[in-house]
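Chain naming follows the written order as A, B, C, D, E, F, G and H, and within any one chain the residues start at number 1.
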Amino acid sequence: MALKVYLSGEIHTDWREQIVEGSSDLDVQFDSPVTDHDASDDCGVAILGGENSKFWHDHKGAKVNAIRTRKGIADADVVVVRFGEKYKQWNAAFDAGYAAALGKSLIVLHGADHQHALKEVDAAALAVAETSQQVVQILRYVLTGHLPG
Amino acid sequence: MALKVYLSGEIHTDWREQIVEGSSDLDVQFDSPVTDHDASDDCGVAILGGENSKFWHDHKGAKVNAIRTRKGIADADVVVVRFGEKYKQWNAAFDAGYAAALGKSLIVLHGADHQHALKEVDAAALAVAETSQQVVQILRYVLTGHLPG
Amino acid sequence: MALKVYLSGEIHTDWREQIVEGSSDLDVQFDSPVTDHDASDDCGVAILGGENSKFWHDHKGAKVNAIRTRKGIADADVVVVRFGEKYKQWNAAFDAGYAAALGKSLIVLHGADHQHALKEVDAAALAVAETSQQVVQILRYVLTGHLPG
Amino acid sequence: MALKVYLSGEIHTDWREQIVEGSSDLDVQFDSPVTDHDASDDCGVAILGGENSKFWHDHKGAKVNAIRTRKGIADADVVVVRFGEKYKQWNAAFDAGYAAALGKSLIVLHGADHQHALKEVDAAALAVAETSQQVVQILRYVLTGHLPG
Amino acid sequence: MALKVYLSGEIHTDWREQIVEGSSDLDVQFDSPVTDHDASDDCGVAILGGENSKFWHDHKGAKVNAIRTRKGIADADVVVVRFGEKYKQWNAAFDAGYAAALGKSLIVLHGADHQHALKEVDAAALAVAETSQQVVQILRYVLTGHLPG
Amino acid sequence: MALKVYLSGEIHTDWREQIVEGSSDLDVQFDSPVTDHDASDDCGVAILGGENSKFWHDHKGAKVNAIRTRKGIADADVVVVRFGEKYKQWNAAFDAGYAAALGKSLIVLHGADHQHALKEVDAAALAVAETSQQVVQILRYVLTGHLPG
Amino acid sequence: MALKVYLSGEIHTDWREQIVEGSSDLDVQFDSPVTDHDASDDCGVAILGGENSKFWHDHKGAKVNAIRTRKGIADADVVVVRFGEKYKQWNAAFDAGYAAALGKSLIVLHGADHQHALKEVDAAALAVAETSQQVVQILRYVLTGHLPG
Amino acid sequence: MALKVYLSGEIHTDWREQIVEGSSDLDVQFDSPVTDHDASDDCGVAILGGENSKFWHDHKGAKVNAIRTRKGIADADVVVVRFGEKYKQWNAAFDAGYAAALGKSLIVLHGADHQHALKEVDAAALAVAETSQQVVQILRYVLTGHLPG
């Protein structure tokens, strides 16, 4: 068994690198959104031409990014969505809902302080983790049957 | 043509009532989640038995609520998702992603201050409105071809 | 909102009647398999001709019953599966898996003694109840937002 | 033609090994659940933290295991489900129902004593076998057209 | 429970009338293809203009008829396909395959002499009947649980 | 049998009225896009606020109209697409492709002069008509089996 | 572009070999049913045990063969169905209907004498050929754009 | 991440070559229709035999071409549809609608003069470009996160 895993959500810490490195011995193919914040915000106008309105500036960029995120989620067996400490992160919750509707196995990754606010998202998940290490352990167990310790 | 419309999201203002009343002459059937905040939080343990852990208290409730919200979204032609001024509202964004993945026509309703944070959600929508009145006007136009004014 | 509910599983107690009667004030349409045990066992040969082999006797009956059970599950919004105290009840677990794969909202109903053996089935459910009364309370809450007490 | 085969059900005998070894000359890729009984029972709490309640202990584990079993069934062309002599084995029947609803080719493997109790499961199958050897012969015939003897 | 039943196949005997009349006390809605043989053959050219080539004459008619047959099969819960004594009846077998791929409950109706030639069609069916009376008995049992005699 | 028919395409002649009136004795429910050309062009900005750019002016309107057209096509059994004498009519061809991909029964209505340019669209259709009268005759035949004359 | 092609139908002439050999320079992967007539008839009882009844003898075999044919059709981009001069060949028409319902590109191969009897099958096809050579030419054109001559 | 891209539409300029060459360093697999205009028009009769009627001449060709175009669109992650300066190009708009209904990521490529006539097509797209270079930049950004300049 091999897994395709899409890593959605927070882009301000190195949680993706932790998971990818921790899984380097496993048969996993990872995908993720573009995590360069400025490029992600400006891709629409940088390629397709500037906009006077902030709304359409953002709209063009969000749609170009959607080409990648939809492909990433559609191809994935497992979608990991991380909610960080800051910001609204509505795109993360949107991705979680999108993945859930497609029947993907969902792993949610967040700190205890977000527990109540994320209860509907967690309820759609097959695992709720607090650390990247736990996500790695889940992937290892799923693929090999080996548990930590 | 008749429409089924699901009203998701913020539960602290009367935006649902405004839309339902404004559409009273239209062939629309509205559904929405349980909007009694306490009932929504406690339904799981009230029916299925208490939990010591807040996580499982919330988990049981969120799953019982999902019976209603999944049915509401699955049956809808149009899903309206409102983001209010306060709170994380990740369940609203989750519903928007869920609806988008099912190919539902999505209308997002929010104030201008949330524009940038909601750009991915807005990009999946067929209309982005700021007022309940605009949502009513869209429903009226879609069903009758009549524009305001 | 109205619900279609399919009541699968154990046929030796009156749990279906309890749920139907308890929900008599709700907008619910119930379906269930044929619960006449002898008719259910013999329907194939009674209509389509006898078989010397017990396997084919059962096979013909199980397929005729499948016309009803597949229709009932496919049309349902909610599938309630009850596991009683006795027998193998593999058809109940089969129905639960079938309903889960179709994305139906699953409610499992069983006593505490079956908890460990049913953990995979329960994990796919949106509610795990021990009494018919709890199922009625869930349906009432989902449809009206009212909690017991 | 090549086949992906998922081997679901009983974990106390070596039937999987018999099938895999007997098919070693065939273009078949096998998957199966984690068959280490203790790891399978405890994977949820071992990775995601302990639970006081047996129900949630089992629940967390069953969901983590579901990441693997859903992937295995979803990817399979053929799902073989074996029912052994002992235990409730409701997860096996659940997998059979899940596979049937997804339109997978189902092979059920069980002894004659379970014939009546499994009639609904057998009725959904394309083959009902009593021995691992027969499953190997089916796979060989399907892939090569060669019959035994 | 109510059933939608599509009656496909042979058009030279009154088997449809027998089933419809025998089911007059049941909650069944029947549909069928146009059974006027001449109209069915000529509908394409009669409406859309004549053709010199027999192939295109037939082609236009077969496509106009497909508007009805596809709708009938797609809407049905149960598809009954009858093979009569004469003719190739490839359209009947085509309908059976079409219905099977859509997951419809299939009942095949034919005499014993066609048993071997129809084995693949029968293998996809939930019931193989020899008489219209048996089909009525199946519908009655599925809807009411009552067996004949 | 009853039919839902969506009438897409050209809005400058009374072909829709001809079909609706000609079918007044049939069990058909018709839907169509908003055919008020000005309202259709301006609905986006009239409801959701003006745009300086013609592209976004049109974009907002096209998306609001899509709420209606997607619903109309998704609900239809038969989609009739008419290509008139003038204009690009790319929205008509888009609707035809959309309907074809959803497996709808497609009837294309156009004059002989467009035959070569519409060959790919016609190839996906179950009928290619030149007059509204022919469409009425098809609907009458499909529903009643009666041919003209 | 590469194509997966399933070759269904008549097993008494060498039409499959003609197509496979004629396509040897093309990027096509062919599959077909087991074409050994005796093995195909007896596979069920040879593996799973004898039956006194011819019906169940055939039934077991047809189901085992279905593991292969369903896989072959489901994986195919193009399904070629050949109707020979003799026999009922209802399995061929069944496969054609099955393929059509799954949206496969269908090529039907038959002599002119079967034209009228196959009009419904031909109407669902993207090409109707009379010779294996024509099928090869279609595959070559589809993959390379080269026409014969 | 790798992408499959289908290039639909105008065949009179070298826009496809520009995109393919500009993407030569990217992990993209391109497909397109047969772009030899004469071969595309005549493929049906060249292989399957001549027709007296222009309609059926075109019909046979359009269906043979559909084997390739449906496969190309169905397999694609991204469908690029170009509208040139001339001709009706209804097949391009048909492909766009077909791709949209399948949920493909759609990029529309056209000059500013077609903006109003293509507003419904553009509204279904994730990007509207004016040059092949912009399409290449989108593909590069989606796959690598790199923006031009």
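Just so we're on the same page, a contact is a pair of C-beta atoms (placed from the backbone, for glycine too) under 8 Å apart; a residue touches a chain by one contact, two chains touch by 3 or more.
According to UniProt, the chain labels map to these proteins: A, B, C, D, E, F, G, H = YtoQ family protein.
Note that the structure is a prediction, hence the values are computed from the model and not measured.
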| item | value |
| --- | --- |
| Partner chains that chain E (YtoQ family protein) and chain H (YtoQ family protein) have in common | F, G |
| Contact-richer chain pair (by C-beta pairs counted) among B-C and C-D | C-D |
| Between chain D (YtoQ family protein) and its twin chain F (YtoQ family protein), rotation from the CA superposition, multiple of 5 degrees | 180 |
| Chain pair repeating C-E, as identified from A-B, D-G or C-D when over half of the contact pairs by residue number coincide | D-G |
| Inter-centroid spacing, chain F (YtoQ family protein) versus chain A (YtoQ family protein) (mean Cα positions, whole Å) | 40 |
| Distance between the centres, which are taken as Cα means, of chain H (YtoQ family protein) and chain A (YtoQ family protein), whole angstrom | 31 |
| Centre-to-centre distance between chain G (YtoQ family protein) and chain E (YtoQ family protein) (centres being mean Cα positions), rounded to whole Å | 23 |
| Sequence positions of chain B (YtoQ family protein) contacting 2 or more other chains | 63, 66, 128 |
| For the chain A (YtoQ family protein) and chain B (YtoQ family protein) complex, residues of the former touching the latter | 54-55, 58-59, 61-63, 65-66, 69, 83, 87-102, 114-124, 128 |
| Interfacial residue positions of chain B (YtoQ family protein) with respect to chain F (YtoQ family protein) in the complex | 1, 3, 77-78, 105, 107, 125-129, 134, 137-138, 141-143, 145-149 |
| Touching residues on chain D (YtoQ family protein), where the partner in the complex is chain A (YtoQ family protein) | 31, 34-36, 39, 42-44, 46-48, 60, 63-64, 66-68, 70-72 |
